[in-house]
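Handing you a structure now.
Order of writing sets the labels: A, B, C and D. Residues in every chain begin at 1.
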Amino acid sequence: MVGCGVMGTDHARLLARQVSGAELTRLTDLDPGRATALAEELGALTSPDGPALVAEDDVDAVVVASADATHAALVLAAAAAGKPVLCEKPLAPSLEEAARVVRALDADGTAHLVALGFMRRVDPAHVELREALHRGAVGEPLLVHGTSRGVTAGPGATSESLITGSFVHEADSVPWLLGSPVTAVCWQAPGRTTGTSDLQDPQLLLLRTADGVLTTVEVLLNARYGYDIRCEVVGRSGALALSEAVQTTSLTTRTSDLSRTSAFAADWRPRFAEAYRRELQAWVDGVRGLEAPALATARDGLVAAAVCDAAVRSMRAAVDGAGPWTSVEVPS
Amino acid sequence: MVGCGVMGTDHARLLARQVSGAELTRLTDLDPGRATALAEELGALTSPDGPALVAEDDVDAVVVASADATHAALVLAAAAAGKPVLCEKPLAPSLEEAARVVRALDADGTAHLVALGFMRRVDPAHVELREALHRGAVGEPLLVHGTSRGVTAGPGATSESLITGSFVHEADSVPWLLGSPVTAVCWQAPGRTTGTSDLQDPQLLLLRTADGVLTTVEVLLNARYGYDIRCEVVGRSGALALSEAVQTTSLTTRTSDLSRTSAFAADWRPRFAEAYRRELQAWVDGVRGLEAPALATARDGLVAAAVCDAAVRSMRAAVDGAGPWTSVEVPS
Amino acid sequence: MVGCGVMGTDHARLLARQVSGAELTRLTDLDPGRATALAEELGALTSPDGPALVAEDDVDAVVVASADATHAALVLAAAAAGKPVLCEKPLAPSLEEAARVVRALDADGTAHLVALGFMRRVDPAHVELREALHRGAVGEPLLVHGTSRGVTAGPGATSESLITGSFVHEADSVPWLLGSPVTAVCWQAPGRTTGTSDLQDPQLLLLRTADGVLTTVEVLLNARYGYDIRCEVVGRSGALALSEAVQTTSLTTRTSDLSRTSAFAADWRPRFAEAYRRELQAWVDGVRGLEAPALATARDGLVAAAVCDAAVRSMRAAVDGAGPWTSVEVPS
Amino acid sequence: MVGCGVMGTDHARLLARQVSGAELTRLTDLDPGRATALAEELGALTSPDGPALVAEDDVDAVVVASADATHAALVLAAAAAGKPVLCEKPLAPSLEEAARVVRALDADGTAHLVALGFMRRVDPAHVELREALHRGAVGEPLLVHGTSRGVTAGPGATSESLITGSFVHEADSVPWLLGSPVTAVCWQAPGRTTGTSDLQDPQLLLLRTADGVLTTVEVLLNARYGYDIRCEVVGRSGALALSEAVQTTSLTTRTSDLSRTSAFAADWRPRFAEAYRRELQAWVDGVRGLEAPALATARDGLVAAAVCDAAVRSMRAAVDGAGPWTSVEVPS
């Protein structure tokens, strides 16, 4: 496990305690104390840094959950060493860099060793939605409405990081859901923001996919009220949506404020806990040859980056909160 | 309108402002000032007391919403005068008195002039439930679960008034729903109360109807969290229930306490506002000969009183919170 | 009542049977048999045509529910006769015509006699949403999401009639909700339609209001699954939405197909039945001088027509399903 | 793994593929072909029978999911061999036998080696309910309402097996939830059954716990519409309930039958899949000394059997569908 931040710590605990067939052997982090503490908790050893960890003899496969800027090099190092690697999104901080990684993997014939952590692809609710759609539950799709709301924007969030850090999940999940690539993106925003002059929040992204479906995605980082990820698909004979209850706890509470209440998750951890466990279990099963995992590939990561790139270009060309439709261009 | 308390004021406003074909001509109340103020608001006159109002020339029909102890005499007076009367429950404060009223009405051939205010019979949700049940939506019924919760017990509430004032609605609505009379009642209670030594709250009433259905009714006056009336019918091929949303407002609110909230009604007024309007409209339509109203009769009121009487007898015979099954006896 | 189609018949029945203070005296329809039958049912007389009805001595106020093309002339005739008129939307079939009507009313000082039938303004759910928004329940609004779905497009529906016949409700309700006028509209559509080459269905309209809020409105005539009108407002401190239960019946049904089900309305009649009753009651109360009704004015109808006109212009200028942002211009 | 029926097969797959720290080494079943097939699928070996499996050198711990009648002997054999054992409920087919097992374990000092498979204790929804209750979310509890419905009664189901096979879950979970033992049980039933003369279905069990709470439990095996386990706790300041959505899939579907639908589970497997995984993970963690598992003990199994025994005695003493309150007697 490279990186022991919030995400890396969660992943490490899952690997060590909740995943069959995996042994957590090595951890590393920029903060050695953090790595040591977690290694002690989980009965693992530490390595001095990411490249060193990749090279350890007792490391058969690598999870990358370190800073975004380190992903590309670690992925290439693991692939070069013939070790499977599960990399948190993004594959690389820029579209060009992501393209370079994919070209290198393709040239080396090592692309099969790389999986990207787009966890919605194994989230039970999203999988159920996709399966229902594909079995024709509502006929041919016409519209998709995605909503991605968090409680509070992280420190340093910008208009662009909203796209590359949050919207990127829909950039991957919408074409995965529809089985059709995104061809163009159009950026829109209200004349108000919950953020600063550097952070337009919320934003509305419109997507066209090759199949003719029109998608709206609202991203709102400072939603205050909870972590709330929704998706509705409208088809020719009906509509399918993630149940609202997917976001909330198992309880309905009625108390003296004259209301009936369900609690929201405060962030992605409770909402996607099971998705992360399944992602790691599927990845480990794939590494062990038990089954081909249903995870995103490095190329999927490149494509999602290209969708985000089009969104950013539309935003930069926007006048009075309205950007132009902008083509998605996936570098070859 | 006889009685200008909370219920009478609501009824008067509905009659004067929301009911087609009715003119509110006269009001009376024990508190003359209250009657005068309401009469001015609604453009009506006052009468010195209930019997005087019944006798007024400009009164064609009477609504009785005064104290329980006055109901029987006013109903008999109106019927004797040949004037239709809509009487709030109960028909009379005791089972014997109710029986006496029904016998008198039957002897005079004036029973058709009397309607009882069991508003669930015209509540859209209850009507929809009954219609679905009767068209076989879930097959032959097996069980009914009723829940009747209020925010706070009224002043002077007792274990017995809980039965005769609140449970009485289920005493009428359950046999109306099933089309089968209640034959026996069994009283149960936890070893805890939200009330005093005189008020066991909550109580659990078990009912048997002649068709073999078993019904549970929970009554809780001090529920704190809202006014909450539920009903579920379990049949051979499924279950039907009033939607939980029936109790709450039209909005779902998500705010910064990380929850999704729907507001409950604080009392019966918002919950049954439409039922009361329909009750009064149906009654007026009936008085005008437009259609036979689907309202409860004086005999229905007697039967409901007999069910309550069995519940009270079971309670009085209870040991350690458990009463015996007690037969319902309707006086002839 | 001018016009005894589906809408006129409903209105006539409500006026005659469910509205306090109103007497239905006269009906007329292009089909005299239809008018006669309804008049007999409701105890009213007929008039040979709309203008004749407006002129009848026993007509104090007029409801216009006839064909769209007849609205303007009937409204002007009623106003000229000094009779209050409630006109179903639209005020006139074209923006220019609507402007002409408003100018004429203003010139004559009779604008106060005219109300427009935008029933959402008295729909309890929409009123509750607006009140919660205005009391600051979720802070300053940022985004509005409207959804307007019907079961099946009417005969002869076109891309333009979808806007002027269905979207027009949001064209009125969004600025009413926000208290801020719509300044620009942008038309978008998927590359698929449930209709023909003349009917693009669904359509997505983006609206900007003067306050900076961005609104999305999806209109889908052939939704198949039910009549479904939704609205969500996202504010700085939370989100408010019409409860999903608003659209459905009071029952939750569980039957042998292993599902829990709530039934949708098949069209606007059950969904807005109470709104229509309140609209007529409020209008009659206003006519009687009891209270100033909260209904839309002729000018509101003109403004909504101007919003629709901008939507149509954006649609006509669209390339590949994407129209430009187009300014709303209200003729003076 | 002893027993490769529906339950045993699920458990075996979870242990082999989804549980960290476990290796599935041996399987056995009365049907050797079934055991062999599953062993091949999961990379395990077979043993000729349960006692032989318990004695295998490559078996460190045993899961018992074989026929009820074999549980007691296998538990005692495993405990005698010093091997931890997770036994599906019941501990033994009769109360006397269960008491004998517990006495033997206590005498040998091996009770700590035995865990009972009451999976609700690790079901996330039930755990969340219990935690909310214990942190005082609704104040001191007054009433509990449990509902336990399945789609179809299994072959050979009887009035008694409904109690010992289905109600037994509430016999364990209600006192676990409340932290107070069940002291008495009262059996009630409608005059109708979905079953035969040997199977009264549904049944209503009333429970009193030492803390004074009154509990109702409805058990219905032939509910037809889905697997539906509910629980509501009513307290002095509000009510807590498992969200209805807990039972259903992640999707809300709207299709051309004019309804909004959520799918129910067809049996306990989807509903409690995560509970079973957590149960096995917790048990394995406990076996490995990582943490004390929150699982039921052999004594908990004895106590639940005593509650069921009181229910059966009340049923046998019933007249016209109503049994007496019957004390729970836990053999020492």
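Basically, contacts are C-beta pairs under 8 Å (C-beta built on N, C-alpha and C of every residue); 3 or more make two chains touch, one makes a residue touch a chain.
Computed from a prediction, not measured in an experiment: that's the story for all the values here.
With steps allowed only between chains in touch, the distance from subunit A over to subunit D comes to 1. The greatest centre-to-centre gap from subunit C, using C-alpha centroids, is found for D. Each chain gets a centre from the mean of its Cα atoms; for subunit C and subunit D, those two points are 56 Å apart. Our note on geometry: subunit B versus subunit C, Cα centroid distance of 37 Å, whole angstroms. Separating the CA-averaged centres of subunit B and subunit D is a span of 42 Å. The set of subunit B residues that touch two or more partner chains comprises 223-225, 237-239, 244, 248, 254-256, 262. By the touch rule above, subunit C contacts subunit B in their complex via residues 16-22, 124-125, 128-129, 132, 137-138, 237-246, 248-256, 262, 274, 281, 285, 290.
Those residues of subunit B lying in contact with subunit A across their complex are 151, 223-226, 228, 244, 248, 254-266.
Considering their complex, residues 140, 142-143, 145, 186, 188-192, 194, 202, 204, 206, 208, 211-214, 216, 218, 220, 222-225, 234, 236-239, 244, 320-322, 325 of subunit A touch subunit C.
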